[in-house]
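Chain nomenclature is as follows: A, B, C and D, assigned in order of appearance, with residue numbering initiated at 1 for each chain independently.
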Amino acid sequence: MSTVNIHGIIGYTITPFTAEGEGVDLDALGRSIDRLIDSGVHAIAPLGSTGEGAYLSDAEWDQVSEFSIRHVAKRVPTIVSVSDLTTAKAVRRARFAEAHGADVVMVLPASYWKLSEAEILAHYRAIGESIGVPIMLYNNPATSGTDMSVELILRIFNAVENVTMVKESTGDIQRMHKLQLLGEGRVPFYNGCNPLALEAFAAGAKGWCTAAPNLIPQLNLDLYEAVLANDLSKARELFYRQLPLLDFILKGGLPATIKAGLRLVGLEAGDPRLPVFALGETGRSQLQGLLNALR
Amino acid sequence: MSTVNIHGIIGYTITPFTAEGEGVDLDALGRSIDRLIDSGVHAIAPLGSTGEGAYLSDAEWDQVSEFSIRHVAKRVPTIVSVSDLTTAKAVRRARFAEAHGADVVMVLPASYWKLSEAEILAHYRAIGESIGVPIMLYNNPATSGTDMSVELILRIFNAVENVTMVKESTGDIQRMHKLQLLGEGRVPFYNGCNPLALEAFAAGAKGWCTAAPNLIPQLNLDLYEAVLANDLSKARELFYRQLPLLDFILKGGLPATIKAGLRLVGLEAGDPRLPVFALGETGRSQLQGLLNALR
Amino acid sequence: MSTVNIHGIIGYTITPFTAEGEGVDLDALGRSIDRLIDSGVHAIAPLGSTGEGAYLSDAEWDQVSEFSIRHVAKRVPTIVSVSDLTTAKAVRRARFAEAHGADVVMVLPASYWKLSEAEILAHYRAIGESIGVPIMLYNNPATSGTDMSVELILRIFNAVENVTMVKESTGDIQRMHKLQLLGEGRVPFYNGCNPLALEAFAAGAKGWCTAAPNLIPQLNLDLYEAVLANDLSKARELFYRQLPLLDFILKGGLPATIKAGLRLVGLEAGDPRLPVFALGETGRSQLQGLLNALR
Amino acid sequence: MSTVNIHGIIGYTITPFTAEGEGVDLDALGRSIDRLIDSGVHAIAPLGSTGEGAYLSDAEWDQVSEFSIRHVAKRVPTIVSVSDLTTAKAVRRARFAEAHGADVVMVLPASYWKLSEAEILAHYRAIGESIGVPIMLYNNPATSGTDMSVELILRIFNAVENVTMVKESTGDIQRMHKLQLLGEGRVPFYNGCNPLALEAFAAGAKGWCTAAPNLIPQLNLDLYEAVLANDLSKARELFYRQLPLLDFILKGGLPATIKAGLRLVGLEAGDPRLPVFALGETGRSQLQGLLNALR
């Protein structure tokens, strides 16, 4: 299996749509990727929640996946979210991403019917056996409807060779403590919950998967640097400075708030797909205020 | 808008797959529909949760939708679930179903990102304006991730002309009471939670949407008849008789348990699509025991 | 062990306080008991949630317990709530109630520290062994903080000889179904959740423990009679008629709303003890409106 | 109003009982207080959850309160929990504690009936107006049944002059972030959730209210010192070292585990009061193992 050192600030990309939301605007996508890389993020993660992966047709998904990987062009590692409702489709996406050069694939156990632990394990195993790149297991019950216990995560980590990283987004910091203790420090974990950025780093997270660098990359990077420098006071100060914006983009829905924010800074990326609304006027002026305060 | 009187036992169909789960077995689907209609159900509902609608490709969805409507052939009304993640795709499915003869479409506000009330209303409005048949609004937070309050349901009912029925599957009987009180008795509601069959009829539900008639149609129909006959004692007795089976098929996951049950009674409908497992051996023998006890 | 047939409408008494809430107004308590019995309730239950049992000193509790039992004077059975935080104190209260003539004692496993199943069983066993009258086990997690599963309830029912009745107040009607199925019909259960009155009777509840007869006894009794007469339509009609009031008294807090209601009908019973507020002016006029509508 | 600087490690005392749990063992209480103070804790908190305050009679409560304050003898500040179910009784306890020399009183809005925000505010106001010492507002929905939002806490903090500190025990670290942001850094907050010790300090908590110093005072103090020294790596390492013990004492119930632990180190403090069980044999040997590992 190939290896790659994933750490630090992992930036989620949005998926820009053309007017009326009918097609993907690859030109804008390329510019949004360049902005993230130029700002200094340590990895790029396309097609996640922020990237509206779930709202794309299969053809669009392939198009965005292929384009993103090629456009990143190994300047930093690329982590492609390949989750899908059936195992067969998730396997297809994982293979597609690997074939086009993804460094890592991220897998959330998407579900309609509640899955048993055996079903979840088999899902990861099937994907793992079909590719050679590492898998970042992703736990986010709020969007997937499936909450994996720490015990289950460790079972999968131990049973599926290329599940080598864990992204935790429950919002419960004690899950990370438990991962650290029960995993005896051998399980690299990443934070996917923006308002827990400080706490996750305090708990030992190796990285922070976040859409925030689309808007405030320097503050995100500075927080990570302060933690690396073992400077808790500075990390705390930097965290509280950016927290209002982190809260805002999460509560407003990441595709809506990040796309609105990019428009405010001059990158037109269209609106989210309906039924998700674009950020309303009140929200836009709150966002502008928050961004102004951070300049 | 066309009208149709939906009431009584509304039978969900499964979607049979060929071996390896790769294609749809239309022949078996036709036979499962005939069994339901011959047993006396008052309506047929394809492509719901039981029908693994969410696990189908768009082409398969179209195929199952068209075939089911044509095969029912107006012997009873057909209620097609047309939910999809984007408004555009749900509209497309609703139009497709109407064009092929569906009597009613059922709409669950599927979501990945949590929807606001305004977003949900706009979603129903867009679908409502694109078709001429009635819509059964469907609330099921366990599968959709979105819980619509009774107040929101009534707002949609009042704002969108062809939302004329409500299916409630939260498992909280007080939602039906509230629908009845706040709706001043003008909102026909249907029960989608098997273990609440008796209670929902006691509360005034007009029908029961259920996969159970695939296995025990007579008991389902008898319960409804006892309620129509105002015979509470008999309804209670019939309910408790079938409750262990109702609990079992729900807890085991409807596609897995109903497909296993059909196999036990001689109709081969394949297995659910992975990651959902077919019912295991222990489950199959429990199910056989439950069915034997009801003969 | 003595036996007594508890069924039908079991009326909770309030505990009237003198001005400033400093003492108990026994005269008003006597009159409130007489009103309930004269209206036709089948049993009287002092010192429950409605009776602010938890807000009394030990001396007051003894006073109210003794007076209530003596004043009922066997006209109907008396069911005294004897819950307390320690086992020793609950045993003392149970013995006191029995010594003064209570027909049944009701026991909720009050807790500060979460109790294990073994601790709860031992608590019931200790009380059971200290008295000769039957115990009505009471499950109400909203006030006690302890939710007893149906399996645990049945273990206690089977292990402690004088636990012979179960009062269920979780608000989840499926608990009663499960009690009926797993208890094989041998466990008499009673409903303690006002808005589930119809559903609980439909499910086979033997009685309804309620403070509502302080205000609308005839409607409560009529509902019970309709169920006994196997007339579901009439029961449903009677239920929906009284449901707005049942919802109101529950949501406003039973001591506040029942005391306010008694004042409206001419019985001065004082206010609840602080920090619980008396019903405010808006609430009082809503309550008056609801009562007027039911005359 | 008197002022006092509460910070650092605030040690909860147990309440030792004599054999059979009938009386309070003041001698053992005195020794347990001396152990805590000698170990270096920055304040002493009697009669909290660990101290089984809720399980004491009024006379016992007075006895423990008076003795503890006198025995601490101003070596460190004393923070007495004065919560009670009625406002009148909580006021009485607050006055008693102040009269006997308490530096601070701690108030949890204990409730049986769910309290409105206005009722909670009035409760704090009544207590605040009756005493001259500062109040530490305490939020712990798991034991009190009442969850105060950050907005409500700030309203009380602003409205009641001597509410000058907040203890947060929901286990949700984001509550502290919100207190810090909305309170604009003016609200000193303290952590009451042992497994969040590191995170709370990272978030800026001024102190940690904990029963752990009865067993591992040096580790608790070292963690605080590492935070003061801005040494995140060392704080993290110290936190993970003590976390298994912190988890254990919380999950086993603080009175049971701390009393068992004190017995293991040679201080006989009796057992918790029934229905709470003493720690069983398996638990005792786990605890011994955890303590051995930390030596």
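Please note the rule applied: a contact is a pair of C-beta atoms (placed from the backbone, for glycine too) under 8 Å apart; a residue touches a chain by one contact, two chains touch by 3 or more.
In UniProt terms the chains read A, B, C, D = 4-hydroxy-tetrahydrodipicolinate synthase.
Bear in mind that the values here come from a model prediction, so they are computed numbers and not experimental data.
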Contact-richer chain pair (by C-beta pairs counted) among C-D and B-C: C-D
Inter-centroid spacing, chain C versus chain B (mean Cα positions, whole Å): 39
Centroid distance [mean C-alpha coordinates] between chain D and chain C, Å: 35
Contact graph of the chains (line, ring, star, complete, other): ring
Contacting residues of chain D [partner chain C, same complex]: 21, 49, 54-55, 85-88, 109, 111-116, 118-120, 122-123, 126, 142-143, 145, 253-255, 272-277
Residue ranges of chain D touching chain A (in the complex, touch as defined): 171, 173-174, 177, 180-181, 195-196, 198-199, 202-204, 227, 230-233, 235-236, 240, 243-244
